[in-house]
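Pasting a structure below so you can have a look.
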Amino acid sequence: MDYIFNGFLKAVELLASGNPETYSAVFTSLKVTSLSIASSLIVGIPLGFMLGYFDFTGKRQVRAVVDTLLALPTVVVGLLVYAFISRRGPMGELGLLFTIPGIAAAQTILITPIVISLTATAIESLDRRLGMTLIALGARGRQIIVASLLEARYAVLIAVVTAYGRAISEVGASMMIGGNIKWHTRTITTAIALETGKGEFALGIALGIVLLSLALFLNFLLMFLKRRRIA
Amino acid sequence: MESRPLYELADVVYRYGDHFELAVPNLSIPAGSSIGVTGPNGGGKTTLLKLLSFIEKPYKGTIFFDGRRIREQDHHVTREITILFQEPYLLKRTVFDNVAYGLKVRNERGNITAKVRGALNLVGLPYTVFAKRQWFELSGGEAQRVALASRLILNPRVLILDEPTASVDQESALLINEAVRSFREKYGTTLIVASHDRIWLSTVTDSIMKVRKGRLESFDPENLIPGPWIHTDNGLHTKALSDGRHIKALSPPGKQTTGYLRPADIVVATNCPSDLSTQNILEGIITQMTFENNEKAVFLSASVAELSLSCKLTQAAVEKLRLFPGKKVWLLFKASSFRWH
Amino acid sequence: AEDKVLQMATTTSTDNTGLLDYLAPTFKADTGIELRWVAVGTGKALELGKNCDVDVLFVHAPAAERKYVEAGSGTDRRQIMYNDFIFIGPKADPAGIKGASVQEALKKIATKGASFASRGDNSGTHKMEIDLWKAAGLAVPDKESWYIQTGQGMINTINIAAERDAYTLTDRGTFIKYEANWKGNSPLVILVEGDEALRNQYSVISVNPEKCKNVRYEYAQAFAHWITSKKAQKMIAEFKLIGKQLFTPNAATK
Amino acid sequence: MESRPLYELADVVYRYGDHFELAVPNLSIPAGSSIGVTGPNGGGKTTLLKLLSFIEKPYKGTIFFDGRRIREQDHHVTREITILFQEPYLLKRTVFDNVAYGLKVRNERGNITAKVRGALNLVGLPYTVFAKRQWFELSGGEAQRVALASRLILNPRVLILDEPTASVDQESALLINEAVRSFREKYGTTLIVASHDRIWLSTVTDSIMKVRKGRLESFDPENLIPGPWIHTDNGLHTKALSDGRHIKALSPPGKQTTGYLRPADIVVATNCPSDLSTQNILEGIITQMTFENNEKAVFLSASVAELSLSCKLTQAAVEKLRLFPGKKVWLLFKASSFRWH
Amino acid sequence: MDYIFNGFLKAVELLASGNPETYSAVFTSLKVTSLSIASSLIVGIPLGFMLGYFDFTGKRQVRAVVDTLLALPTVVVGLLVYAFISRRGPMGELGLLFTIPGIAAAQTILITPIVISLTATAIESLDRRLGMTLIALGARGRQIIVASLLEARYAVLIAVVTAYGRAISEVGASMMIGGNIKWHTRTITTAIALETGKGEFALGIALGIVLLSLALFLNFLLMFLKRRRIA
């Protein structure tokens, strides 16, 4: 129990004292998740739209596979990506191992299924009259996608928030691909894993609180943006 | 106005599972014309309108538009056609954004405010009151009119309306009527409207067709007399009315079959006639008389017990008999006049 | 009847090498006690002991262990066995440390700025590394660009070293496993070994029943007794990984 | 039927933001009565019906039901009232499950199939054709009728219907009319119906009230003549009709204000009258004549250019003038008869 | 790269040979996730319904907090739960540490926010006419909840699938609370972590494939159940 209390104190201390190791990890986490979220949205939202909007044979099977990928363990993603970008791997030349883009690539694989699946559900949950109405009003191609996503904005937003939560909290792939290298690829979560492994439970909790504060800040920001859009 | 056919349908078939099939062996709609579509619920009106707006593709057959087959990628063509659905859907945006949406997707960015103001005016919604409202801050009829405004603003070549006045008040129905008419005059818009309100329909359209059980029929209103039909000794079948009177019919195919009686087959008398061969002589009260402009005839509705029967008369006959709403009349028709579907 | 279960916290090395899998069945046959273990870092293992969540510890960080016993959390620390640490590095050996003494090797690495991967996780290995830097009269590196602090387990740290052409300090057992995976083609090779300073001592500590009333002290004692017995010590000596002996028993057999 | 008030509303107020307020200082609805509600779009009909069905709570004031204040937890009371919304929503289930849902939540498990069959019959949907359909396999009118059936099956004490016939065909409207009427007779159901179809409404209800701008008014249909009104030299204002004729009015408050003209203020003549003080003498064609049962009067609609004007006459006058649909008439009204809202 | 291929071979071998350690881990994973999913649904679905259905002051703030909890790192959850159920913790008497119910408790904390947030979004995305219609038809209290969830069934199902994916793939809490004790609390993911830690990457991948097969099987099962419900 003490850990929790001490963890709170320590979290405040770390943040207030401007502890450089903590801030380095915070910024690394932010860089990694910004990259991975951006790329997973670019890939996942259009795919999710198509999966939700169009009817095609095998759609249900594709859906089941995407849903299965929600159960991808982070370590396995780490292993797979590692196999490709390790020096001996086919993409070893790129030098992605132990770099932030490398971690982001692994996280993208991890969270894109979430974006696809939840976006598809958001689109499927839309009123069946929407699609016809958009076409009747003259929307075509990309305009239909954009307008449908706007109609489903809250559900799509939650897809993003869920994916974000998964990315910022995952540790297996960051550890495996990033290597948890201090001052370079150490993220908040790999730092937590490290401190916990050392038996520094209070510090682990403190870092967890730092991470949650970050997420809370972003969510409140989102809340205000939402309120601004819809009075 | 031109009379070159804008639409030509050849052997068009559309199906929902195995319970409904719309079949249009051939149909041509002249450019600039105004066509009404009526018919019972589930007849296939909406389905036909969806085909004509290229929202749905026929399973079989072809729809020629402007003499051409339309493919999905012919956006410039399909964008000239717009349809207002029976249950309009508003985008989750403000009224302004709803009405302006069609212009925006067409990249017509000039003068949007003025155009939106104009379109809202056409449907009787003051811009200052409604433009900033959210989609859910509207009454049923207001929402329907916003949806209509979002179509009118497009100045479409073909305007297809499915029950545009369903929950619209009478003033607004009039307004919409005017708007649509002035539209046709200004732009030569072709108009296709489905409605159950035959009177309203006849004021906006040049001709009316009927869609029943997925088949086009010429419009000819009919009276329906539902069963049960009880077999009687003299070979006739009778249906008991709620006040104890009976309607007699010849050989209905089933006990519960509905009989159809054409309004032209009913004779109206102002005194109780005697010595007539017709089996049915029913006293009733005139409830409504309507002048049908397309046919230059008067349709008269009379209530007979729980039924409302419609009779078609010439203007001369109405004048001669001095008929007026509220007057007592006798309706005469033969037991053999019934048709069974 | 409730099973006789002894809950142990141990370090990853004893588990990863398979030593406990090898010993546990015999322990059960001899005493009727089932050994269950969680394999964690030494620091976490000590923390679990302090919280009374385990009955016995099997760890290798002598200094921390002594502190732990002094604080009263554990009793009856017994040395069991040792293996040794080795310095490994790229075949090319850019800092030229092959065959050097530990102190020399570290000085060369530091002056040349050759990449060095450190576990940086307060594990027994990490603590040993820090001691070695200090013993060599060097400041413990931190932000130096050649000093890679992985904060991970041994195998991952070795992997990182291999990817980065870095030196690292490892226990021999993990390296044997690593090397075996490469089928004689390992990019990293042993460069410094055999120094007395590189000894890695494993001990067993019972969790203090005076601090933790729930603890199964009897079983812990039974284990401590058993593991220091001649039979168990012989088994440890005979334990081989890929044909190589890993641990040298050195319990003070009573 | 009893006449003890079932509903009593005292100083009830409901608001949407600051753009709409419904205020009902007092209203009482007798048990077993049948009340119609009409009025322009956005007048507040739906809002009133939601209050009466206890779906919404008033901001101020109280609604007494059966002499009691109703609290939210009075499920046994509120369950006796059911409302059919203007845009009915079907549950994502089969038609059968939609209709049976209300019975299931009331734990009335006996005889469900027979009851569903009966309810579907009442709205003219054959059980065998529709019971197994999914909610989306229906036309607009069919869906509306399924929604109605799901209310009728409950045998409610109060049945509240918001535009029940909006997209229903005429036969079915008749059917619904019959169903609702027989319901009232059998169970003494109190009926409250909002509709724009004044004729249909007058056939199902005993009295009609009008809701306009959130206020209850006695029902009195009016003609609307929209602007623009152009000021002329002689102190009058005129509105130009599409055929070049003019309507004259006294001092409209604004250029765009709509003028209201009560049907009773229009005089109908069959010859062009001369030497009259009325400013407006307009030739038109009778389009429709309706017998209003509640008022025992005839409403006549005449088209004058793009307008349709409604006049109220006695049966005797209609008979004397030998009016009939299609006949040419002159409509006379004073420039001062206009009312401005 | 080789180990991906070897991992496939090994996965087949492990499953075909009936490898007891693998099957033990599979069953442990199933037991844990069944428990955690069940309890997170019992807690999360009603809460999610309330958050989505009712309007109350502070609703948006509550929502932002729940969404923040989507970013809970598994290790932190592990630490928090550990602080409570450690022998020295306030619930130490229950003896939950290193047990399956203990892991399930931690997972429940991890995934309940997912269930709440996605259920709330599912309910919010429903047609605004539904609530009124249910009341008009006489539904009250629990009946409204059940019917609304049924209307939103696909979106709620995806909430469950997402939560399931998170539970079965998480390793931090299972490791911390379960202790990865062979034959007892070793789940597939902790086994993967163990093997990966040993450098047995192929075995790690093999176990990852086993886990995904399991998830795929369950998703296909779900797909067939869905098809049965709606022809």
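So that you can tell them apart, the chains are marked A, B, C, D and E in the order they are listed, and the count of residues begins at 1 in each.
Definition applied: a residue touches a chain if its C-beta (ideal position, glycine included) is under 8 Å from a C-beta of that chain, and two chains touch if they have at least 3 such contacts.
Predicted model, so just to flag it, every value in this text is computed and none were measured.
Steps from chain B to chain E, minimised over paths through touching chains, total 2. The chain with its CA mean position farthest from that of chain B is C.
At the far end from chain D, in terms of centres built from Cα atoms, lies C.
Inter-chain centre distance (chain B to chain D, centres taken as mean C-alpha positions): 20 Å.
The distance from the centre of chain C to the centre of chain E, with each centre set as the mean of the Cα atoms, comes to 35 Å.
Distance between chain A and chain D, defined via averaged C-alpha coordinates, is recorded as 54 Å.
For the pair chain A and chain B, the distance between mean C-alpha positions equals 53 Å.
Shared interface positions of chain C, i.e. residues touching 2 or more other chains, are given as 156.
Residues of chain E in contact with at least two other chains: 88-89, 127.
Of all residues in chain B, those touching 2 or more other chains are 87, listed in ascending order. Annotation, chain-chain contacts: A-B, A-C, A-E, B-D, C-E, D-E (touch as defined at the top). Partner chain E is touched in their complex by these residues of chain D: 50, 53, 55, 75, 78-79, 82-85, 87-89, 91-93, 101-102, 105-106, 134, 150-151, 154.
Chain contact summary for the complex, chain C toward chain E: residues 7, 12, 15-16, 21, 36-39, 51-53, 153, 155-156, 158-159, 177-178, 181, 212, 214. On chain C, the positions that touch chain A within their shared complex are 40-48, 120-123, 142-143, 148-152, 156, 160, 163-164. If you check the complex, the residues on chain E that touch chain C are 86-89, 92, 97-98, 179-182, 184, 194, 197-199.
The part of chain B that touches chain D in the complex is made up of residues 16-17, 19, 39-43, 45-46, 86-87, 129, 133, 137-142, 145, 162-163, 166-175, 177-178, 181, 196, 198-199, 203, 224, 285-291, 293, 296, 298, 306-308, 315, 318-319, 322-327.
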